[in-house]
């Protein structure tokens, strides 16, 4: 077989790691999964059953996996706290890296990774913001670029998870960085895509509640929150995030321009079926983000591999990914402190609003 | 008060008669309801309570009502079997007439009424096909006229009632003329509006079932039926009627043209509310035709009165109303006989299809 | 005629005054419009042509109208700046009052009117928040009351006008009180309906832009703005208002509860027609608020009259109307100052957020 | 690598053959495409460029491909006229077969293939009715099975292609078998799925027009047609097919039961974007069947392979596929002859309707 395929390793075989492994194995023709790493024994067993038959070697040590013969790239899907060190270790081995968002909740750590990547410009290093690869968001972006809505000036975007009555979300909050940093970061990333990644922030305010998960308080988090990000240059984004949706996942985005508006997923739906009964007309909704974005992840896999093999530009920069995390963290700070935060046009914090 | 108002009488105070009475009384500024007739004592009592306080005299004899001082027009909303004779009697008294559809299930009787109306061209005589006054159907008609869909060549239209578990529909079938004559006649009327009222029929076929009301058999009727009406000149309409909808009233029409298509009520809804729960996203549907067409009836009232007072043209002819009944009857015949019926271009029945 | 009808006068025959006059005249059976006042000569001419024939006397002096023989109630639809004095004058004449929102942009003035109304408890005095009478909002309210969505904790609501390329909105801004006070006040009123009218505000923040009407700056207004109102007790509302919608009027409300959510007008539409062409599937949208809320105004007229004639409770209090104006004004202040505003649980402003 | 993968050959690399080849190559983990056949030089060139690098040998002779070392199954996607002989030849070589629908337009030929398959029960032989693998249709089927709509008694289903102004459809009609046999056959197949594959036909009627492609007349075909299939046992299906849709592909199915109804694709859409401009709110529609059913084909590939490797039951029988073709042919006959066709309960044609 004369096809060149990129030899990759998957780090982490948790919920999303498993999906990545399957996608790279079976739905990414130009990738060859040769190795996978997980410190978790159950996950190792899953890997032995589901990946090994396809020639994937399962490792319990990350650095050993990096030494796998011929490995060219790593997909990092472990816990957030080890993303940065794993990315740095991979780059040191001269490997390309796709790292699940966020690289780190600590801006300084993110910066270190970005600098390391800049020092190795021949490597492709990408942070996984899946919505950038979703067909509907891409259609919206193309329409904006084609001028269909004039100048985009306002974004409303929400990331809303289905209610989980267990303590899953509370436990998860301990390490998630908070709802804005964990959920809205996708909406912020979209905003930077639509408004331009260098647009400076002018002010940030936020408010939230704990309606169904009071236990979130000890981690400084909320189960429903809304925030406003005002940008210099006359643009504004506002975000809602919730972990309390009864009906399922509902990630909706509106981009409002001077001559029109685009709505992505204004009518959430799991499929094309409507059920008419004596209760009315009902449609179902995806129960989680993977139900909504499954094919975006597949596109992400294929495009990351193509960028490496063909040495083409990645669809967005690490700096943009960093900015999304920064804005998410500032929203989280505004949420917890209750205070509005102001910035000058150079990005420095200031005490009073600029008028 | 110097405003000229048309003095009208309402014949029949059943379900629809009551609605007509209230509409003419309270929502038709240029009408003055001066009289109402009903042979039914309960309905008379309702009239005394709800109409008399507004100056409406209640009659138990139709002919006495016709002699009411100054009466100018009659709205006939009694049982179908007396429509024709009441319309004729009113015309003899030189009164304008709005008669609920159908004038009669007997074509000869319809014809007699039409001839009587033609003999008194100064009178406005109209058959109440309410959908002609509905804002959405009018918008569709205007768009067709404006060429938005090219030449209209195919119509799909359905009249579907909410399921009623009682024997209401079975009893009703005894005098209704059957589902095509009673329900689809509205869809046929719309077709004549969109295709032109003189378009000749080429063939008619139909099939139906009794899924929930086996008792309909004794009246030669079905609870769900579909029929095809092929017209000379390359146009076709097909109709579905049902009395078995779990969710409510669903009257949908598609007009398919050579360059586009219009859909009226493709997404039935009772109002603008959607409810999101763990069952999905649900909207409710009107429970009967009045929930869907209430304001069409109000527009009908006002336009009939205006046509009389201003001596302007009625929006459609009695001949068109007759044709709708004729086609409905032929569909009913095809349904019961199981046979396809053929016509030549002059409207005569023939034995074999013209190719 | 033995029906008791309430004799009312209409103050103001501008755009909305004309509509009120027609609704009370022709669509409010228990009302009798006996008088109308306007200082404007064109409007007087319109009144003479359209109202006088129905027995309505046209006045050019408000106080003379108040002395009209037998007058029982006044509907005030003049410029905002005279609402309060006209309401007070009517009450002094012992007349019932329906006053268009807002009573005044000045809270003290509002308070004076409320006190005057409280001093005459036999009078019905209502502020016209039309959405309270809309069938869809009422359905949503009933569903909330029935527990369909659990405890309502978050409201998203927007009032968005169709773009008007002329300087209409700029001129209008001079006296409107600003976009939050003029537009979002409806959304705030809905929030108080859903959350309870006495719920205390905890914080308010807002941001806005001037994307298409830079001239708004001189009146301290924006053409697109978003604001967050945080309430004590763990509830939050956020509002978007815009005067820049290309497609038409879009007033949408989401009420998010602990067990579900209700969306009112998530899919705006002018009627039930969808047009399928080579551009895709298109539906149209109402071009202004009256296209959306016409029948809410008719219901408002009928219910106000019924409350007076039957001496029943009005659907909401003047105090609630005042609170909506207060919150709208505070949002406007937050918008212009750029500062977040904090309140303690008793409603006093405080310097720092309460945590 | 210890994974067992089925070695398959693709016959035909036309529009759909290319898609099959790519799907089996890149989206069907348990399949290994080892060979492909096409008599067409351009298609061979495409195969050399796109398949050969992945180890696929390209053949210009079908029988040579059948002799490819280790070949286990063939996917037949050539012109309809050679489907049957190729299927028979493959079975003689003891190969499993997935054959694009229809096997043949000639019932006798279909029968021969079915008999050959029955004689080799160890072989999996399937006809490719893609909608059986579509997630939405499957959801509908599961809901029917779960009793959500009571007894299914009526089906409305349509297959509507985007208008193609060239003579493509006319040329295509020469060998397609006509619109009912080519397009509605999918709707018929769905009907047999929902009603039961052995349900006997009672009557068939149809009407059609040539609105935009008059050239279809020479092949006895229409560009828009409607047909009714009445079944014994009180069930009816009606079908609309069109090659004239301005907006795109629109394949819609309603299954109406005694207690509810299911609608699949009542609101066609290409993705989740809605565009709001001064023309209204617009969404786009897939331009062809592959835009609608792409993932159904992928599921079909994977399930066919799984059935072979795991020796499990195929999701539907060859007999069902034959019946769909039979009914489609009868509809086509009714369309062209203009006559209604009747059957007794044993499937024999009769002259007059059974009542």
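Chains: A, B, C and D, in written order; residue numbering restarts at 1 for each.
In this text, a residue touches a chain if its C-beta (ideal position, glycine included) is under 8 Å from a C-beta of that chain, and two chains touch if they have at least 3 such contacts.
Chain by chain, the UniProt names read as follows: A, B, C, D = Gfo/Idh/MocA-like oxidoreductase N-terminal domain-containing protein.
Keep in mind the model is a prediction, meaning the values are calculated, not measured.
Asker: What's the chain with its C-alpha centre farthest out from chain D?
Answerer: Relative to chain D, the chain with the farthest C-alpha centre is C.
Asker: Comparing A-B against A-D, which pair counts more contacting C-beta pairs?
Answerer: Top pair by contacting C-beta pairs is A-D.
Asker: What is the distance in Å between the mean C-alpha positions of chain A and chain D?
Answerer: 39
Asker: How big is the gap, in whole Å, between where the Cα atoms of chain A centre and where those of chain B centre?
Answerer: 57
Asker: Show the residues in chain C shared as contacts by 2 or more other chains, in ascending order.
Answerer: 149, 245-247, 259-261, 266-267, 276-278
Asker: If we count contacts the way the header does, which residues on chain D are in touch with chain B in the complex?
Answerer: Answer in residue numbers: 149, 151, 153-154, 156, 203, 205-212, 224, 226, 228, 230, 234-236, 238, 240, 242, 244-247, 256, 258-261, 266-267, 337-340, 342, 352-355.
Asker: Spell out the part of chain A that touches chain D in their complex, as residue ranges.
Answerer: By the definition above, chain A touches chain D via 1-3, 25-27, 29, 53-55, 135-136, 139-140, 143, 148-149, 259-267, 270-278.
Asker: Along chain B, where are the residues that touch chain A in the complex?
Answerer: By the definition above, chain B touches chain A via 163, 245-248, 250, 267-269, 276-285.
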